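Shared between the two complexes below is subunit A, which pairs with subunit B and subunit C, respectively.
Moving on, here comes the complex of A and B:
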């Protein structure tokens, strides 16, 4: 098992390496010159061409792309992500201030996206073709089609402007976290609820379900005792992918609810061509995506002996 | 049975207790402080460093004072200087400073502290864009509260320059480290910063403040970057004040909608800046004054003001609105005249064939830069201009860009037409004239509205003039621009703010760089 873990970990590290090279090349080819920006900040309107050249030399911007990439990798390995061109502060400092906000958003959204689909999916399966099942299906499709900023604005209109139950923005307490969590968790909830519903339907036609009925269980009993345990792997696999994608949703949700997290930092860094910050944030997204999927794979192997066995055989 | 029930109830009560305590604490967090004003910021206030070009301009005025203050109509009013005297040759300015002033950390303010403050920036290369800094010779403390400023040459707007946001305001010497770096924003203003992070800046009343004390004790400046979120937060009662071009912009359509909300007041005041089309007159069709004149005649400014700005703008005819000092004689607003515009284009040899005009085998196609991030509503405005100029046979290609690309392309003159805004009070008229028109001035990413060697001379002559002569020479600049169709003013956007009805006495300061909090009171 440990051997398998190491193999997967090595694969994940390779994936991060390739992705970092790609994002580095992408950002390096973007229009705009960081040296111009720094020179203007240092000397204002009197920035000279010589100063720009000196900054380019100091930053190694004239070196070939691969040399710059390896320098950057070396710095990252030392825990240095560079300085933000916009603020002049180390990016690690910005991350330290902003990461807790984004982690809080993702964890809350993750809880919503973990438990709500189970409730909705099981309720739909119990209703099986009834009004509740059909209504939930329509709601799931509508919810999955609604963009985050629209959902967020609607929630604010209802719960803040009309009912005055929840604060419209900020991170002042639990009540202010509810709407961002629901907004960021809505899309995965809707997708996962359909996965749960469809998988349960499929599981209910399997032989072990028939055996369950033969044992004397009703539909609810078969669902809970026979079908649900077999739902774990497809649910976790989809949940992992959706949870990883939630970091993209966080960019919009943080803006709507004025949370100063990594998503808001990403928008600012794009707007001000803050290349080192953009690179660092994109890498964070890549690492998050890859390692969430690694974690899900490992958990699936732990809970399902069939996957473990197939992995050992292929190894 | 009864015992079992009691046991269950007791267990349930014990289980619910932490839950109840938790919700009670959450509710406590949400309780509103009626002595606190909640103001929106579109971007974080930043460190409020007086020498760095990084922090938002709008929050400095709450904490820092200058020697003079920009008053209504550009009239300079006493701030930390009670009186001032300019010598007849314009090269010496003597300031008599207030005697009862302390910084919010208790440090007294006197002429030596003022001199130390000014020496941090005046005469330094980084600040040569300020006339008083470029012409600085020396300073002299001639009394505990008397400071003399000697200039190499007269700086006609030296005093007005001392009323800008930064670096001219005063900081406590204890708030600067041995290397000269500002370590905290400690000023003599009515408020002092007690918390400053990415989400909010919290200020409390400065007990040492020399002026009238604010009627409430605390201001929370909350960073809400999204405009719709700000509007919703105001309607929900989570914010008290939103708006202001440099604070937290409010769009005209949203202001219109808010005007019908009984719990919200909308405040619109005549604008202090101008939105205009800038021409790249160095090449292409716009090198021809007739084409520029035709474009100006082909635009319907009244409909732009009424439709796009929902009436929260006034059609423009001058480079500066009348709220700016030395804004010049008021010109009549050009009425859209398609026939006259067509005639001008015909005279220039641009002949209409079908729906387009051609000359020397080339179609009359203009590239217009627009960025909603730079000028909110620019994309819709460009669509309207596209439609109106199509009637003249001019094809407009709109490039809708992000903030950085827009500034890059504007700086490189990579356009035919682009939107510009004047700097507004307290920087104008000298700020926009010297930076955005003089070809030798480095305007950086702000670009140039119009460039001509002849215009350089007219502007330089006006900006170096003093006294009554100055007014006439500044008028010469405007006349030159009109005769040469150098500018195409569109509208003067009004200053838009909205406030919760619990806020009483809402009024705007003379510039958009100051926050409207000084005369406010809060109802419970």
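Moving on, here comes the complex of A and C:
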């Protein structure tokens, strides 16, 4: 078991390494030059060729790509992410200010996306083929298709502009978090509730469900005691994928509610071609995706002996 | 290929196809249908409700909302088609090379594909836009480069499973060239599978285009696009919510219709999968029988 864990961890670290090298190479090959930009900011339109060359030398832009990459990795290991070209502040400072907002947004959305689908999916499975089941199915399709910026705008229109119940922006107070959490959680909720519904239906036709009926459980009993435990693995894998995808939702939600999180930082850095910031944020995202996937795989291995066994066989 | 497509699409309820066909028709004939030029501003008519002159009202610059919505459909469809076709071309090419050549080439290509797929496509697209700089064509290029890996993976799987079929080996034995075998015997099956999935994927692509435009990194003014119209309208949410509601509704409707189509296609495929599984069981059962017979003989 521990051996499997280490193998999976090594794989994850490799993936982060390869992905960071790729993003570094891509961003380094981007047209436009940070030195030109910095020289212009320092000396205005009078920036001389010498000044540009001096900055290039100072930043080490003339070194070969792999040396620059290892230099950057060393800096990251020291906790230095460089300075944002746009603001001139260290990127770590920006991160310290912005990360809590995004993390709280993702966690809140994750809670919504974890419990709502179970509720909706089980409710649908219990009223199999009934009005509730069918209307929930239609709602799930619509919810999974509606763009999240539109969902956010609708919520603001209804609860802030018309009803004055919730604030339309800001992060002060629990109330201002409700709409962003719902907005970011709606898409994964809809996708997951369909997964729950379909998987439950499939599980209910398996032999162990028949055994459950034979033991004298009713439909609800079989659903809760026999089918739900078997739902864990498919649910967790989809949840992991959807949770990682919520970063896109976070980018959009931060833009709708005018929040200063990592997502907004990313969009700003793209707009201003702030390469050091982009590199740092992309790396954060990659680590986040890989970590979430790793965690999901681990948990699945822990709860389902079949997966452990198949991994051992392939090892 | 046509047969495979018909086989998969033929059984689909026309109700799943109608909305998509309607969207395509509206998009294609948008300039004819639109009552006004989408950029025509009459500032004295700004932010009006629905009237006979302007069926859906006007925006904050006095532009006709209906005309802008219709032309935005055209912009969406055009961008989506360009991305889909180029992503399909790249994906099928790379996936086929990986599947057909195999060996080390396959290993390298599949690693690249897997790394691409381990990140959400929209994040890849955003990163690429950041590198090249925002704009319509960089959005198209970024989405294409973010999207091809899906199709590459699918094509590779189909090609790899077809290459070792007896009829393909027979073709090689009687002297057919690789090119002939690939284009006549393998490519049709690849297209049959991948095109069907791609048609279901179109909704996600329309959504991505709108999201990028909403973030100001895709279609930029004055070209009308739903995501970009919506973000424009956000400032006037209190006075004139239709500037947000209408583009949002249009976008949602189009994505819903593509997703319903995708759902119908997936359902259509279900019996085939079950058939395959039953077949597999029978083959296994027969193998077991033979095994026992052999043991009995021994």
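FYI, the second predicted complex is superposed on the first by the 315 of 315 C-alpha atoms of A that agree within 3 Å, B and C clash if a C-alpha of one lies under 4 Å from a C-alpha of the other, contacts with A are read in each partner's own complex, and residues count from 1 in each chain.
FYI, a contact is a pair of C-beta atoms (placed from the backbone, for glycine too) under 8 Å apart; a residue touches a chain by one contact, two chains touch by 3 or more.
In this text, all values refer to a predicted model and were calculated from it rather than measured experimentally.
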item: Subunit C versus subunit B on the shared subunit A, clash or fit after superposition; value: clash
item: Touching partner for A:269 - first (subunit B), second (subunit C), both, neither; value: second
item: Which superposed partner A:257 touches (first subunit B, second subunit C, both, neither); value: first
item: First, second, both or neither for A:298, with subunit B first and subunit C second; value: neither
item: Subunit B versus subunit C as contact partner of A:18, first or second or both or neither; value: second
item: First, second, both or neither for A:307, with subunit B first and subunit C second; value: neither
item: Which of subunit B and subunit C A:290 touches, first, second, both or neither; value: second
item: Which superposed partner A:224 touches (first subunit B, second subunit C, both, neither); value: neither
item: Partner chain in contact with A:248 - subunit B first, subunit C second, else both or neither; value: second
item: Which superposed partner A:145 touches (first subunit B, second subunit C, both, neither); value: second
item: 1-9, 19-27, 37-45 or 109-117: stretch of subunit C that collides with subunit B; value: 37-45
item: Contacts on subunit A seen with subunit B and repeated with subunit C across the two complexes; value: 31-32, 153, 156-157, 161, 255-256, 267, 270-271, 273
item: Sites on subunit A touched by subunit C in the complex; value: 15, 18-19, 22-23, 26-27, 29-32, 141-142, 144-147, 149-150, 153-154, 156-157, 161, 244-245, 247-248, 251-252, 255-256, 266-267, 269-271, 273, 275, 278, 282, 285-286, 289-290, 293
item: Residues on subunit C engaged by subunit A in the complex (per definition of touch); value: 115, 118-120, 122-123, 126-134, 203, 207, 210-211, 214-217, 227, 230-231, 234, 237-238, 241, 244-245, 248, 251-252, 255-256, 258-260, 263
item: Of all residues in subunit B, those that touch subunit A in their complex; value: 22, 25-26, 29-30, 44, 52-54, 125-129, 197-200, 222-226, 228-229, 232-233, 235-239, 373, 402-405, 408, 441-445
item: Complex contacts: residues of subunit A adjacent to subunit B; value: 31-32, 40-41, 43-47, 86-88, 97-98, 153, 156-157, 160-161, 164, 167-175, 255-260, 264, 267, 270-273
